[in-house]
Each structure stands twice: as C-alpha cells, then as structure tokens.
Amino acid sequence: MPGSSFGRIFRVTTFGESHGRAIGCIIEGMPPNIPLVEEDIQGDLDRRRPGQSEVATPRQETDTVEILSGVFDGLTMGPSIALLIRNKDSRPSAYEDLKHKFRPGHADYSYLVKYGIRDWRGSGRASGRETATRVAAGAVAKKLLAAHGITVTGYVSELAGLKAERLEMDTIESNIVRCPDPDKVDEMIARVIAARDAGDSVGGVVEVRVSGMKAGLGDPVFDKLEARLAYGIMSIGSVKGFEVGIGFACKDMNGSEFNDPFTIDETGKVRTTTNNSGGILGGISTGEDVVVRAAIRPPASIAKKQQTVNWDKKAEDIEVHGRHDPSIAPRAVPVLEAMVAMTIADCLLIQDVYLRERETFGTLHDAAAIFDDEL
Amino acid sequence: MPGSSFGRIFRVTTFGESHGRAIGCIIEGMPPNIPLVEEDIQGDLDRRRPGQSEVATPRQETDTVEILSGVFDGLTMGPSIALLIRNKDSRPSAYEDLKHKFRPGHADYSYLVKYGIRDWRGSGRASGRETATRVAAGAVAKKLLAAHGITVTGYVSELAGLKAERLEMDTIESNIVRCPDPDKVDEMIARVIAARDAGDSVGGVVEVRVSGMKAGLGDPVFDKLEARLAYGIMSIGSVKGFEVGIGFACKDMNGSEFNDPFTIDETGKVRTTTNNSGGILGGISTGEDVVVRAAIRPPASIAKKQQTVNWDKKAEDIEVHGRHDPSIAPRAVPVLEAMVAMTIADCLLIQDVYLRERETFGTLHDAAAIFDDEL
Amino acid sequence: MPGSSFGRIFRVTTFGESHGRAIGCIIEGMPPNIPLVEEDIQGDLDRRRPGQSEVATPRQETDTVEILSGVFDGLTMGPSIALLIRNKDSRPSAYEDLKHKFRPGHADYSYLVKYGIRDWRGSGRASGRETATRVAAGAVAKKLLAAHGITVTGYVSELAGLKAERLEMDTIESNIVRCPDPDKVDEMIARVIAARDAGDSVGGVVEVRVSGMKAGLGDPVFDKLEARLAYGIMSIGSVKGFEVGIGFACKDMNGSEFNDPFTIDETGKVRTTTNNSGGILGGISTGEDVVVRAAIRPPASIAKKQQTVNWDKKAEDIEVHGRHDPSIAPRAVPVLEAMVAMTIADCLLIQDVYLRERETFGTLHDAAAIFDDEL
Amino acid sequence: MPGSSFGRIFRVTTFGESHGRAIGCIIEGMPPNIPLVEEDIQGDLDRRRPGQSEVATPRQETDTVEILSGVFDGLTMGPSIALLIRNKDSRPSAYEDLKHKFRPGHADYSYLVKYGIRDWRGSGRASGRETATRVAAGAVAKKLLAAHGITVTGYVSELAGLKAERLEMDTIESNIVRCPDPDKVDEMIARVIAARDAGDSVGGVVEVRVSGMKAGLGDPVFDKLEARLAYGIMSIGSVKGFEVGIGFACKDMNGSEFNDPFTIDETGKVRTTTNNSGGILGGISTGEDVVVRAAIRPPASIAKKQQTVNWDKKAEDIEVHGRHDPSIAPRAVPVLEAMVAMTIADCLLIQDVYLRERETFGTLHDAAAIFDDEL
C-alpha cells in the first residue's frame, strides 16, 4: 500500500528510481476492447522527457515505452497492463560527492530519517523521474477519455514572475515553455535562461482544463472530484499549491459574486453563466469545463552555494552541479495532465456503475430523466 | 467505497443527511488502551456547532455525541469505534419551496444528475452538516496525536478581505471569528454582519499549523504527506484552494530563495532556518511545523435574488432564505483541524510499521541512527 | 482499515460489541432509486436472532433495525446507508466470573495478546453477535440482487453427523434446523438437544446456492469470485472450511470426470451439463448456479468442565454456563447468505463498469456479441 | 483495482499473460534495510517452474527474475520493488486450433463473456503461468518472515487418491511430487504418469504449515487471519476447497472434542494441547502453528476427447494436446506457500502498528504484559 498506487477502479502502481535499471507501472481497471499501441503513449512521454530544450535538463533519455502485458492484437483486454521504460542515461557517479550531504529542498534528509537508508543516486525514488510513469499511465487514461469526448489540456500560465494574459490553445505546444500567450514566450524563456546562468532556478504555475466533461463525475463527502484532483496533483514533487475554478480569489468575494448562475443554453442544456466553481458543485461535475491550477516551486537543484548539514550533523556548504532543470513548469504540463486524466477516468468508471444500474432502477423523479443528455 | 470513507489505517467512514435522523461515523484503526470519553469529542463539536454566535447559522443543534462501541471502561479496545449524533433541529419543510429549483453554488443540480434522485431537505448528504462527523473523528485522532506530542491548531487568517497580520495563538478561541490577530477581530465581525444584512456572504482563509511533528511521516510518490493533506482538506465542501508552506508565492521565487537551508540547532537536532516547504520534503515530514492553508468560498445560501433554472429546465429567480452562515471560515476551523489530525494520525500509524521493523533490521548507514531522535 | 470493512464498491463497515450499547453498519455503494424500508431488513434479522427456537441461545434480542441515513421517501439515494440495532438484553455481569480465564475455543486469549486489553463481556467484538450487522447489510444486498433476478438461498446440509440427502428448498424455513431434507429434521433436532443436555455442542455444514446468476462476475487473478466468497465466508466466526462446487471431492477425481462439458440448452444459451466447478471458471461466473459450502464448528461455549489457564498463567478448570447455542449452523444460514449476497452484489457492480463501457467500445470478436444474453 | 492486487500494507500487484512478452509484479510495503538479491527469489521460482520433472508440463521456462527497482546495494529501500520475468518458450501458435472452442474447465468462455475479448494464447491472463509472479513476491515475503523466525512449508498431502500418512518434512523437496511420506512417493508418481498416459489428469491436496508464528496476527471480524488466508489460497486457479486446522472434520465433532485446551508449557508460554483450530482463535493467531489445506482439482487440459461448444454456439468435440501438467499439486506447493507468506507478512506489518503504539499507551491490565513474550 505505501505510496506507489493511485486510483480506485482505474488504478496505477508505479516503480523505479532515477538511476536504477528501469521505471514503469501497472495499470488496472482499463476497460477491454480499446485500441492501444506504444505510439499512443510515446507522444506524451516525448513531451515530458529530459533533453527536449534549452529550458530543460540535458540528461538524454528517449523514454521508450514497452507494453509488456494487457494488450492483444492492439486492443486492451481488461486485466492489468504493464509498461516498462529502461533508464539509458544514468550517471550515479555524478552524485558521489553529495552522498553525505543533505541537498536543501530535496528529500535527502527526510528519506534517510524515514527509512534509515537512502538511494543517493539523484534522489532515487524521490526524483522527478518517476513522473514519466505517471505520464505513461495518463496517456492510457486519455485514450479512454477521448472515446467519451473528454480532452485534457495543460499549459504554463505563469513562469518566472510573468503571467500569460491570453489563452491561445493551439500555440501551447509550439513553444518550449508551453505558454498559451505568444506575447510572453520570449521573455519567459529569457528569464529561465538568465536564472540558469546565475546558478539559480524559477517557479511558475500550470493550469489544466478538461473539456467535454460529463456531468455526474465525482463522489460525495471525501471523494469529491476536486479532492481527488488535489490528491493527484499535490502528489507531484514540485507542487506547493492547488486551486479549482477561481481558487484563492474566492476569499475576497461575496456569495452573490461567486455563485455561478444557472441558465439554459441554446441547445437546451443546463449551463452556468460563469464558472467560478471550476465545473464542480458539491464535489460532483456539472458538465462545465473543469479547471485546476498548481503552483510549481523553483527546482531545488541549483549551482549557487547553499548552507546545509551532512550525515555527521556538521554544517557544510553545498553546490549542486550537474544536469538539472532551471524550471519545472514546462515539463510538468504533461505530468499534471496525466494526473487529471487518471482521476477523471477513475471517476468516469465509478459513475458507470450508477448509470448502468439506472437502466434497472430508473430515476425517482420524472424530472431527473430530462437531464440524461448531460451525462 | 464511493465517497464516505477516508484514511488507510486510521480510517473513518461517515453517514447522515442534514435533515435526516442522525449523522455519525465509524473509526477503524485507533490503537487500543487510549483513554476516550464523550467529553473528549464534545469540545471540538461545540466549536463547530451551529448557533454558536451571530456570525453563524442560528440552527440549534447541541450535536451531542454518543460513543456506541469500541470503548470499554474508558479505554479504546482496537476494533471499530462508532459515534452517533442525533439531529434535533431539522426543518425539512423550510426547503419545500426550493425543491424544484437548483440553488446556485449548491449541489442540487449535480446530485440530481448523478443519482437521478435528490434529498432536497437542506442539501441532504451534500450539506455542511456532515462535517460534524469529521470533527468527531478528528477529536479521536487528536487524542492519539496528543500522546505523541503533536498538536493541531487552526485559525482564520483572512476574512471578508481582511488579513490577520499577527499570530497570537492564545487569542484564537476568544473571539467568534477565530482570528489570531486581536486588532482585526472587530472589523472582521463587522464585515460579516454587513454582508449578512445585505443578504450576502463572505469568503476567507483558514490556516492550520501542526506542532511537535515527527520526522518521517508521509509516503513516497502518490501518498506524499501534502497530497494526503490536500485530499482531506479539498474534500471539505467550501474549499477552493490549498497551499502547503509558502504555497502559491513560490511561483515568483528563485530556488535560492525558496530552498530552506539546513542547520543544527542548539539541541543538536537538524532544522531548517526557514520553512517555505511547510515541514515536508519529498512528501515526507522533516519535523518542522507543517503549515497548510485553505481558501474558503463565501457560502452559497444567500437571500439576494439569483438567476437559476428548475427541474423543468425553465429559467427562474431564486432567493434562499432560512438559517444560513454568512461566513463559513470560523466554523470551518475545527473541520480543517480534524482533516489534518486524521491525516497525520494515519501517516503516524503507517510509519509505526517502519519504526517497529527497524528494531529487527536496523539501518544501513551507521549515520542514519544518529537521526533517531528526530523520529 | 483493520478488520471491520468488507467489499470494494458495495462496501460494508460494521461496529459493536456483544454487550455494548448497540451494533450496526454503514453500507457504501448501494445504487440509488432502490426501494428500501426497515421491513426489508428485519426479515433476515429475525431468521438470525437469538431466542428463536430451542436449538438456539435463549438470549432475547428483537434485533430491531433502524435506518439512520441514505434512504429518502423509501428509496436509496446513493450515499452511505447507516443501520442501527440497539442491544436490549445484555448481561455483562454473567461474564464476571470468567473475566480472568481464557475460554477454550474463544478469542479471549488471542484478543488480549493482540490488543493488551479485552472486553470480557461475552466476547465483545469477537462475539457472534456482530453477525447481525452482516445479515442487515446482506438484506440490503439482496434487494439489489433481486432486481437483477438473482436469489441466494442457504440451508443446513449436515448437522451433528447427519447429512441431508434431499434438497426440498421450500421446506427449509419450516423447520428450526433449516434442513432441506424433511426426513432428517427430527433426528437432527434430537441430536442437538441431546448434546446441549450433555453440556456439549455440535458442528455441521451450511450450503448456499445462488440462482439466476449472471455470467461475467468476478475478477481475474486475486479477486476470483470463489476467492472473494471464501474471504467473506471464512470471516464468519465458526467456519473452519470452505468449498466451491464439488469442493474437496475433486482431489480424488480425474480431469475427464471433473471438467464440466459445455452444451447449448433449448433456449440457445451456453450451459454445462454438470456443475463441478460451482458456476465459476477462471474466477469468473458462467451463469450456472454458484454453490458454496462451509464447515461450521461446534460452538465453543459448553457447560462441560474444560482445562484452561488464567491471566496469571496458572492452570484452572472452566465451565461456561449461561445462554449459548448448542449448534450454530441453523442461525448461521442467513449469515452465510449475507456474505454471499454482499460479495455477489459487489462483483455485479464492478462488472457494470465493463458492461457500460462495452456500449462505447464494443467487443473485439463479432462472436462475442452473441453471448450478450448471458450477461 | 480489478483483480491483480493482493494485500493491504504488504501489497503485490501482478501482470502478464502466459504467451505474452513478460510477467512480473510490483511489491509495496516491504520494509527497508532487508537484504534481497535475485538468488533469494530464484530458488522458489525454480521449485515452481515448468519442465522440472516428468510429472510437470514440458514447457521450458527458466523463469529468470530481474529486480528492476526498490533494492540498492543489496538492501531493500522501502518504496516499491519491481520484479520482471521474460517469457522465453511461448508457443501461441499451438493454440490456434482451439481459438474458437471453449475448453471445458478453462476460463475461455467466462473471460470472453466478461470482457468481450479473449487472449486465446494458452489462457492468457487466466493461465497458471501468473502464479510465477506470486511465487516471486512470496519469496520476498519469506525474507521478511525469516527474520522474525517464521517459516512457511508446503507439501502434497494427497495425490491421485493416495494420502500421505507420515510427515517427514526434510524429505519433501527430495521427491518430484513433494510428498512428505516417503512410502507413498513412488505410487503417487506412478498414478500421475498413468493418468497422463491415458490422456487424463489427477487431483490432490496441498497442506501448508507456518511455524514460529507470533501471537496476535490477524484482525477482527472480516479480516480474520483464516479469512485472509482463504482469500489468498482460493485465488489460486485450481483450488476448489480450503481448510484451516482440522477443517471439515469439525462438522462431526462435539465442542468438548473440538476446543483446544489451554496449558502452560515448560518454558512458561501459553499453549494449547491440541491444535484443531489451526493456530487461530477469533481470527487472531495464538502462536501455535497455522495449518491450512487446499483441494487441488485435476488440471483441465487433457488429451481425452471432450464435449464442448464453439464461438458460433455450435456443439463440437475437443482434444487439448500440447504441453500440460498431468497434476498441479506438486508445482502448486510453492504457490500456496507464497500466498500464505504474503498474507502472514501483511498481518505482521499491520500488527506492528499496535505493538509500536503499545510503547506509548501500555496495556490496560497488568496481566496483559505477562504475555508479551508470545508476541
């Protein structure tokens, strides 16, 4: 149980250390008869992989995925799907010097205290490298969602103190910082490079938008849709904050401003005229776009001299050289998408139970049936 | 499975609708031989209960808790503990008029679409009333934590656009808005009353601080401590955002500002000189205070006229009169504390496994043992 | 987590000690819009309750159930359902004398060692009294199954060394030992009474048959249908053995005898001409009746003098007087039915996911579709 | 969630089809600092692997295991451990002829109906080949148990109608049927060979004995130790019955015969003079040996002509030629051991929580402490 599994029906279990032999995952709960080949997964892995641009770490990993099980003649079969990615460009020796020091902002100290042992080869299991397995599993979830008309799109809405003002979705993947505002791209890149050259790093914000949402996803009380989304997103190693809908801005609003008024659109569907709630009411999706946001801290590995302590509890200085990201937000985009996709897929499958049983038991109120086209 | 359970070892399952017969919960995983009587639980219930002040709903519930099982001669026994609270001041009839309309900001629409049936008596299961059972379970978790020297304290750090500047912990419970800054209390109260009198409501922020933390709590990858905390807190009905440590402010920082430098304190313990990470590194606690924050939206029930639709998909106006909170943040304080306490208790019990096995297997590095006093 | 929950989607969590205030349970995952009133549950509780006949304990409990939540206007709503049964005829004082002795065959010793505390009031949580909450939850599961045409019927197939040779289903509930062979009833009863009068008790076998089964229930590998059934049934306090289909008799058979040949029946459905496998192949139901069997040990509480030790690790004699069952099998019948019903209901709801998704993704082989009427 | 995971703290998730690329598993919850190398696992895999003797299938698989993660410098680290076994001797083409027929006793029909797709390459996920991953995970569990002084030993107690009368534990692995009674070995082998030569197969019984047990393992109500053991063992593909302790024989016993009297042994420990209950009382271990037994059906794949139907719902004859086991029991021994080891390991880790908390909260009764040496 402890830590490497996520989800209830659509359930993913991952493994692997940054400089170990391989990373990978097992996916349970993916329904059968869905076309799935390695190319479906490789695309998102390429969006996340290191070495893709000058704002990312230069570590060279192709992150080539192999489907080991669960797919036959190009179709999923129902039982567990295993995905494997071999590590190709490990350099554990690069970490020898740091072996006995706790890098500030890293898990070195907390892992050693927790487990009484620590993989010092580049953070081991605590490395961001594990997120490649999330992306792989997320790509599988996206295949399921796509067939239901649901799309998950992420982008960098803030980076290094600059904020995207426009949202041009089709420009996101055309720039290396995955910013949807073409006017901000160059300055964002410049700030990242400048930080890197100064031996430092920068933070940012990633936003994810889910379109084509079904109403009725999420569960009451503890498993509200936003709770499951926060659980998934806050489990990504660099995330320090989470928002749904208008998020923290709600604190200064009145109820009359915040509440999203209901209306009927031209097609006869129930809609809200605003979306402050981010497509979720009472923990259950309404069919509006689900919008979430994550604060991404500046990467912990920086060349600048920092103060720390070592295994002998002595003070020491530390400089973390090597192959590191000056900003994480651009590469975090597919990782956040993956966590959102896995969460929505899981909720969709759970909702299938109610929808299927509805065929047997119907709905109480005749009125309820008139909303069936929102499902 | 769907929705009413929280936790892994320390696991709580709740039930109850706002205007049904009773609410309550079953707690599994509470260790044996811990003193527990109803008074231990009643205190926090009183802090949350309706009717406690002029900034809260006037509904009168004593929220008297009965321990039905799991305790013998004043001590926990190990097996499941059941807690029961009878509803005393239900008034379902007050909701008859709203039965066929979807209140904006409420779960009326999403529940009806999801389930094909809806308890229209004051939100039913989606009502904030369910949080009383969280508070009861949280009080039990606090008993466990207290014996380990861990305390969980919440307060309103922002309300109706005003921010607490000082943190005087011993003043929190002496004012009805649970604000730790005595200079801001009167103005906060005035703003809440003004909003209420205008038929409106206000938002705010609640912060929770965990002191006396053990290092080593939390699990890697998906079950990071902040992920579990976010899961619990974002499942509270009015929360739209979550932060750990410095939270969203990290987006504009450099790594050299954000990283918390390690040092050795006068007692020989490893500490950090700042706490931007909120007491968690790599998902595992370091022993520093854990600090989390939640954005609380303005309550959805307001007397002001709003636009909505009804069960026949026709546009209608709506005014939600009755007994409602003009602000949720003050009463949300014990609810957030409860979710934090349950989460920390659960992580503490899981960590017991590693600590107990350490007695058999030891630690790899001799060095690791010198940190055992942080556990 | 530890011990009081069962199931995945249809999930039941129970509480209560034999001589505590109350027992009860929370049921999650019951779909909405299913008619449910207390009478639906009371019937099975009456079949299990103490004091019902001369072959049962004379303890007088009406086991009156109260639905506390989850049902509105006579229909389930989807969220958790809570059921409460108050203990009415507790007599803790009857156990004072046995407080410091370990009753052979009981959990006195193992509970004390495990927890370092023990509820000596009639076995506390380890009492068979907890099975009333299973029966209550099972009655709810049966409501779901009934709507799908599935019925669960149990009976005593062996008692006190006598075996039922005929299976007349409609006679089961007309005799106090729940034996389906009218010719064996009197002798069975005589043997139970004789054992009781000798200060002793007798064992037996309960068989449960599920008719109207759907094909496709159960999951591969670890969650095979027979594994889930065994899990549920072996968790009943007096069960020492479990069989599915022909059970242990398979050990002396050849494959050519054991394998159930496939055939097509007059309605065009795939059937097997024998049912040695008990309606399950590869862990998945085939649509044939599921048949399981449990060995029920003789009750541990007997008046005869036995050898034991006390809390001071001294040898002592013990005689367990009071209100006890001379045989458990007849009252165990509704308990086994409940565990089977809960397990089948859970598997049915999980299978809903695949059936619903089939509407989107179809089946690979055209051939597969021709079996859809078996689902 | 559906089907490929087992355990709560010590949790194993498996993947792989019989004639796919690879099989393997992820193990969560294994404590850190335990020595683990591939040789620790390979031994049990060799005991299970095909091609090991004339009573087993001639398929040639070395079942060479690779540890992909979770181990560093020969020690476990705490996070997830991944194990990989490549399939080397797949021959999917051997199944082409059977593609459209349902083999009696196999999962062909039930999988097709459940999923709407079927891997016809030798049962795919439903093949006994998946049990290799159980054995690998079980070997890891055994490493944990061994350090706690617990050993798990299985053997064939009945085969082809012959029953072992003696239990000479050190002879088990010296004969190809893993029978502990040297006098029965030759005749058992002869009967298996005779059945095979007749195009048929034989059933048997495997017994597993756990020595060095700790008292206190297992949880109350649903997660009784015998329930978890039954769950694990009944999930093995050929098992049709399960017994703990004296098993089904209890049905004909009186309570005075069945109850195991307590006594104090020469070392001052609490013991029972008999072990009809199989080392478990009230679902919790007492410290006596845990003894369980499984009925193993004759393998379904037989050369003899059988009656069946095909995908077009037409009657057909079938003969299953190829590489099959004439008896499963001998190779099932390490598989049963694995399920028992995983289950005991999981219960041991959960019990760690109570034992660790006992250091904080003590025990209620002074008396309880005198049993601490049984833990």
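Labels for the chains are A, B, C and D, by order of writing; each one numbers its residues from 1.
The working rule: a residue touches a chain if its C-beta (ideal position, glycine included) is under 8 Å from a C-beta of that chain, and two chains touch if they have at least 3 such contacts.
Bear in mind that the values here come from a model prediction, so they are computed numbers and not experimental data.
Common neighbours of chain A and chain B under the contact definition above: C, D. Should one ask which of A-D and A-C has more C-beta pairs in contact, the pair is A-D. Note: centroid distance chain A to chain C, computed from Cα atoms, is 43 Å.
Note on chain placement: the centre of chain C and the centre of chain D lie 25 Å apart, centres being C-alpha means. Remark: chain A and chain D have CA centroids separated by 38 Å (rounded to whole angstrom). Touching of two or more other chains is recorded for residues 1-5, 8-9, 14, 29, 32-33, 75, 78-79, 114-118, 125, 220-221, 350, 354, 358, 362-364 of chain A. The touching residues of chain D, counted against chain A in their complex, run 1-5, 7-9, 11, 13-17, 20-24, 26, 28-29, 32-33, 66-70, 72, 75, 77-82, 84, 114-119, 121, 124-125.
Those residues of chain A lying in contact with chain C across their complex are 9, 29, 31-34, 73, 75, 78-79, 147-148, 220-221, 349-350, 352-358, 360-364.
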